[in-house]
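Shared between the two complexes below is chain A, which has chain B as its partner in the first and chain C in the second.
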Partner chain A sequence: MSKIIGAVEIGTSQAKVLIGEVSETQTLSIVGMSSRANEGMRKGEILDFRNVASCVHSAIEAAEKMSGTTIDSIYLAQTGTHLQGMVLRGSANVASSDGRVTLADLQRAADEARRRQPSEGRSYVHHVRMPILLDGRPVEDPVGLIGQKVELIYWSIDGENAAIQKNLDVASSYSLDIDDLILSSVASSTIVAGQDVRRAGALVIDMGAGVTDIALYRHGNLAYTGVVSVGGDHVTGDLSMGLRVHEPYAEELKLEYGKALPDEADSGEEVWIIGNQTIGDRKVTRKAITDIIHVRIVELFEIISKELGELLDPKEMGGGVILTGGASKLPGIEVVASKVLGVPVRKGNFPVGISPEIAKPENASVLGLLHYALEDHGLPGESPKETSFLGKIGGFLGM
Partner chain B sequence: MSQDNFLDMCPTYKSGMDGSQIRAKVIGVGGAGISLIDGLRFDNFDAVDNLALDVDLRTLSDSLASEKVSFGRRHTRGMGTGGEFALARRAIEEEKDLLRKQLDGVDLVFLLAGLGGGTGGGVAPVVARIARESGALVFAFTPMPFSWEKSRHAQAEECLKDLRKHANAVVPLPNDSLLQMGGDDATALECFAEASRNVSRGISAICKLVFQKGMIDVDFAHLNRAFNHRAGRTLFGYGSGRGQDALREALRSLMVCPMLHLPDVSKAADTLVIFINGGPGMGMSALQTISEEIRKEFKAGEHVVFGAHIDENLGDQVEITVLGVTDLGPISSTVDVAPSSGGEILNATTPTKTSHPSRLVVGQAKKTKTKTEKTTGSQKKQTLGVSQNTFDFMEDENQRGIFDNVPDRNLYDGEDLDVPAYLRRGVKISI
Partner chain C sequence: MKKKPKSDLSLSAGWKSLKSKSSRRPVSRPALRKKLNFGFKFSFLAVLVITGLSALIWVAFLEKELDGDSLKFSGSSIPIKQIQFSSDGVLSHKWFARWLGPVRQKSLLDIDLKELYAELLKEEQIIGAQISRVFPAKLVVRIKERHPMLVLRLKDKTTGFKDWFVSADGSVYRGVGYSNSRISTLPSLKVSPADLKLDSTGEGFQKLVGIPYVAPLLELARRQYPDFYRDWSVISYDRPSEDDPGAHILVQSKKVGKIRFAPSGFASQLRRLRYLLTEPRFRQSQFVRSIDLSHDRSVFAKI
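Then we have the complex of A and B:
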């Protein structure tokens, strides 16, 4: 019996839906796909619920029609600057007389880590446990080993209840259950940064229309997530103001002529703003277009650099920096990013086997959701969470 | 209609104590405001009272303003406030009577103040309030600090909010945008001069509209009614053209006026003033076409105030000035905003007009918005008890700029990231 998985990303400019079918042989095929322009969001936040809900429903309906099935539950991507990440730590001394670690020790350490309550109106949305430290050394499974102190470290994210609720409501208003809420940055990472890359240490930057999601990996584990409230729409807005044109024209110019890296040839070249020689059409130099974009992009990466601080360490990032997302399509953006971040930057690739129509940077997040869901489902009849150590601990620690 | 016998032509222009004319005053508050006043240049500027108001005696003595008023002697001992707007506000509140006397009988006030400064920011809202209380229409032009002057900028934003509660229209002039004003190699002085010229143009246009007789006339009561509501964002622009196709060229120039392409500038206006000034060759039909295009471009709402003047001295030149505001609903305080001179402005002593007295019927602009409005004392449909500080985002035709629907600033380390990066970082864009 094949399993149907639904993945939904409510993006600032587009709501995207993918329906995947996992066969008995564990192959995933995408059977339904749809996207709808979203009008009710700005910078990753739902402003007009009705608008967003109807947009998402319409997308889901279209995807269902294409796939010939219906979905009952979805994996939903989460973003927004209301999401705040932080490190939670807890430790415990090994209690037993023979010096062997027990689950009880781990529980005490977990309790200490979880002492921090989110502030009023906020709840945790995600906890990522980093390798457990036994006397300072990372260990896969410390239970039964000899040592003195265990330390649990989590990268935890909390968010505004109201914002999260709106997202959940979009699903429930279509009678859909939520399989899981996944951070957009984590979702994108699973698809553009393979295990090897993550193990070598990598930074994944997903540039959307409204916001930019980032996820940093160290030794294969998620060490940091963040959301910067700047996206492709800001580039369009800047062009609109700088070139003194209406936004739709600014958007066209961005798509047609936009690039992040200035070059000598730009000042000579001029382009028509509207392009059909109507009254009011005029020319601007490519230099103006590039300069406007360049300043904005540089600033974005400077903000990312500032947010990461010491975590942005080339020595710990053998996997480099990977750019994805719709706004990452700007030519030359990886060069600019490299210069600002001081680490090699490349544009993300998708795994082989995904059709070119779907394998586009703007779909990284929603594709990543499916990919994540696939890992979630693993062996038929069993969920990895129940069988693996991670599952045991996760369950026990109430994560 | 040469300028020489201008005063003969228009006895209604302010000349004496005849209660039927409109009195206008330009008030510069604080250092930046006074500096702007000193830089103002437009025809018949002398006919408009100008007043410099400050705590700083040195600034006042250096000013070219014809009237100077100092206050707050016991608070600052004749020196500046050091950026403390609360101090300045306290000082001016103590001298309300002084202000009232200055504003007595004034119908139209142009308020110039740098909102980042202590006096400018602290006092401007009070002047606006008192001016409105005494029945004047208040238009403010306010320089704003650079984005990188973080705390000063934040303070200025607060003062701006305050000022908007009282003034009929506030046109912010961000320092960030100065660089974009002049030509490619413009010096700082040239950029400031251009900014100052823009203010002159704005004031001049409204004064001409109100004071002078022209091809298409506007009476002050009409202007008053159009602006009789709390002002949201404004738009202000200027364009000029010459030659055969002067009107169209002026329109094109208006469309790319840097003043229209700044953060916080509204892309649509519920109330729009259009003033066109041209040489004798300006045709009526071209005028109608252009004014229609302007109305469409700014999605003009119900209140359009359109004036057109012929000025022989302009030759084949045409100038267009627009000033618009978005309507945030009626002013909460009950204020009598009829001109204090009482009654209608144009009385029996108007000379026989040489041009036909056509008055453009305004308010017929096709509205693409779906809200229902009453014609006077326009009540903006308050959806769901939304507070007056929230903009109605349900109407996508309004197109008020890509982030205008989000009330909060996108602050990161004290800077609003929604404001274009090239503006905040001082990169000159030549178009």
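Then we have the complex of A and C:
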């Protein structure tokens, strides 16, 4: 019997919803999709709750109509500058007499890791398991292997309670349950960076409207995540101020003439700022536009480079840097990024089989949420949880 | 599909502890629509469940009652306690009880109404019947009878004379239940042996085709001229048809030896008869040999 899963990304500029149908063979079919322009958010955080809730609910309703079904729970993407990542470690001695690791040993190590609490007013949002160490050696699945000490390492992201609560309220006020909160960058990475790329080491940069999420992978495991409070909207804002034009026109200029890498040929090309040649409309050179964009884009990658510091080691980055998100559509952005970061950069590709209408950079996060939901992120050997009877009844009622 | 574990590190300070504080109050139109939709679905489901449960309980109750003693379909088991019989004639309850035979231990459903109806109509005296069951134990029978208009006395080789009754439609039957006083007031019918034909059973007779022409005269005389009718003793007829100029009805009475009627216009003929018999000459005469009323306005009489 197939199952319906929902993914929601409450982005700064748009709320996106995908509804997927997962067959018994774990094949995912996207049956519903919708997006609504979002107002009331800034840098990935909700400022006007009612407005945001209305946009998100409208998008969910449209996706439900498209799919002909209802969802009772969702995977919700998380972003925002309030999010911080840290490493949590826990270890346990192997208890069995023959020295073979059991699931109970892993559970004890996990308990050890959970002792560390986030600071006051913050809660954990997402825990991504890093390699399991058995006597200091990384192993995929230690259960059944002989050793003395098992060690669990998690990359754990915590955030401000108030910001998380608002996201939860958006879902709960539409009578939706939350299956899991997933970091936007982790979700994006799941879809644009395959397992082999992550194993080779890669940096995924998801350039949204309000913020840019980054996720660094080493040896197939998440090594670092971060959120930079610069996004596509900042580029638009720069154009608005630099060219003294309203933001909607600046957004149009960015989308139509914007490039991340200035070109000398742009000096000779003049474009109308508004485009209708009415009073107030005037011409600027395209180079003026690209220069403004270039400065901001360079600044963004410099911030990322600074934040990652030594982690951005070209030797450990066999998979290179992968750009995704709506703002990554700027022509030449990968060249700029490569110059600043000093590692090969490319734009993210989507797996074969996803419809071209959906496989767009701005949909990477929400697509990644569905993809992430299909993967097993539990402890090795741990049995999956079953849906309760009441949960099934709730599902029937569409609540 | 197997549900994936969300995170293998459900810390006490995780976001799930915030989830319980979330409000489910709808804050947007789509959310309100969903809530209302849920309310409708819930109500529908509730009604469905309640209806289903009620039906189950009712069925269970019925089954229990049917198995137990408290509910009985008495008609199938209670013997008939009362027979209500009525007739527009002379047949009595006693006659019916004798005719039907013992019904002891028979229930209403043991009685085949169609068969009973058919058997009743086999009786020559009965022309209609209405039979119904009144549960729990009452049988209601209503009978419509033939009424005798004439008596036909026939001589049988073995048993001597036998009286048959003739009704207004010409049926000839062996009636039962008529009192002697009633029989004595009925005129006798004198009929030609050629007109009397046996029926298919060989035990009865076919309808007498001339009687329907005679019956209106007798009925009119009985109602309006009872003093005449009382005296009429023998009735006969010949070719009684309105189209036949020779057709006539002969009445023999104590006062008049032979009164001849035409087969139509009985009212005027009877008026003329009354007028004639009130004439002084006829009143003074003890016996009139014949009166012929069958010639329109003319009357022929022999004193």
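Criterion: the second predicted complex is superposed on the first by the 332 of 399 C-alpha atoms of A that agree within 3 Å, B and C clash if a C-alpha of one lies under 4 Å from a C-alpha of the other, contacts with A are read in each partner's own complex, and residues count from 1 in each chain.
Heads up, the rule we're going with is that a contact is a pair of C-beta atoms (placed from the backbone, for glycine too) under 8 Å apart; a residue touches a chain by one contact, two chains touch by 3 or more.
Here the structure is a predicted model, which means the values were calculated and not measured.
When the two complexes are overlaid on their common chain A, residue A:Leu47 makes contact with chain B while staying clear of chain C.
Contacts of A:Ala110 after superposition on the shared chain: chain C is touched, whereas chain B is not. When chain A is checked against chain B and against chain C, the one touching more of its residues turns out to be C. Once the two complexes are overlaid on the shared chain, A:Asp213 sits clear of chain B and of chain C alike. Contacts of A:Met241 after superposition: chain B is touched, whereas chain C is not reached.
In the superposition on chain A, A:Leu181 makes contact with chain C only, not with chain B. Contacts of A:Glu160 after superposition on the shared chain: neither chain B nor chain C is touched. In the superposition on chain A, none of the residues of chain A is touched both by chain B in one structure and by chain C in the other.
On chain A, the positions that touch chain B within their shared complex are 39, 42-43, 47-48, 228-230, 233-234, 236-238, 240-244, 246-247, 279-280, 282, 284-285, 287-288, 291-292, 295-296, 298-299, 303, 306.
Every residue of chain B that touches chain A in the complex is listed here, in rising order: 248, 252, 255-258, 260-263, 393-394, 396, 399, 401-403, 405-406, 410, 412-413, 417-418, 420-423, 425, 427, 429-431. Of all residues in chain A, those touching chain C in their complex are 1-3, 22-24, 26, 49-50, 53-54, 57-58, 60-61, 70, 88, 110, 113-114, 117-118, 122-127, 129, 154, 156, 158, 161, 164-165, 168-169, 171-175, 178-181, 373-379, 382, 384-387, 397-399.
Against chain A, the residues of chain C that register as touching in their complex are 1-9, 11-15, 17-19, 21-31, 33-35, 37-38, 41-42, 45.
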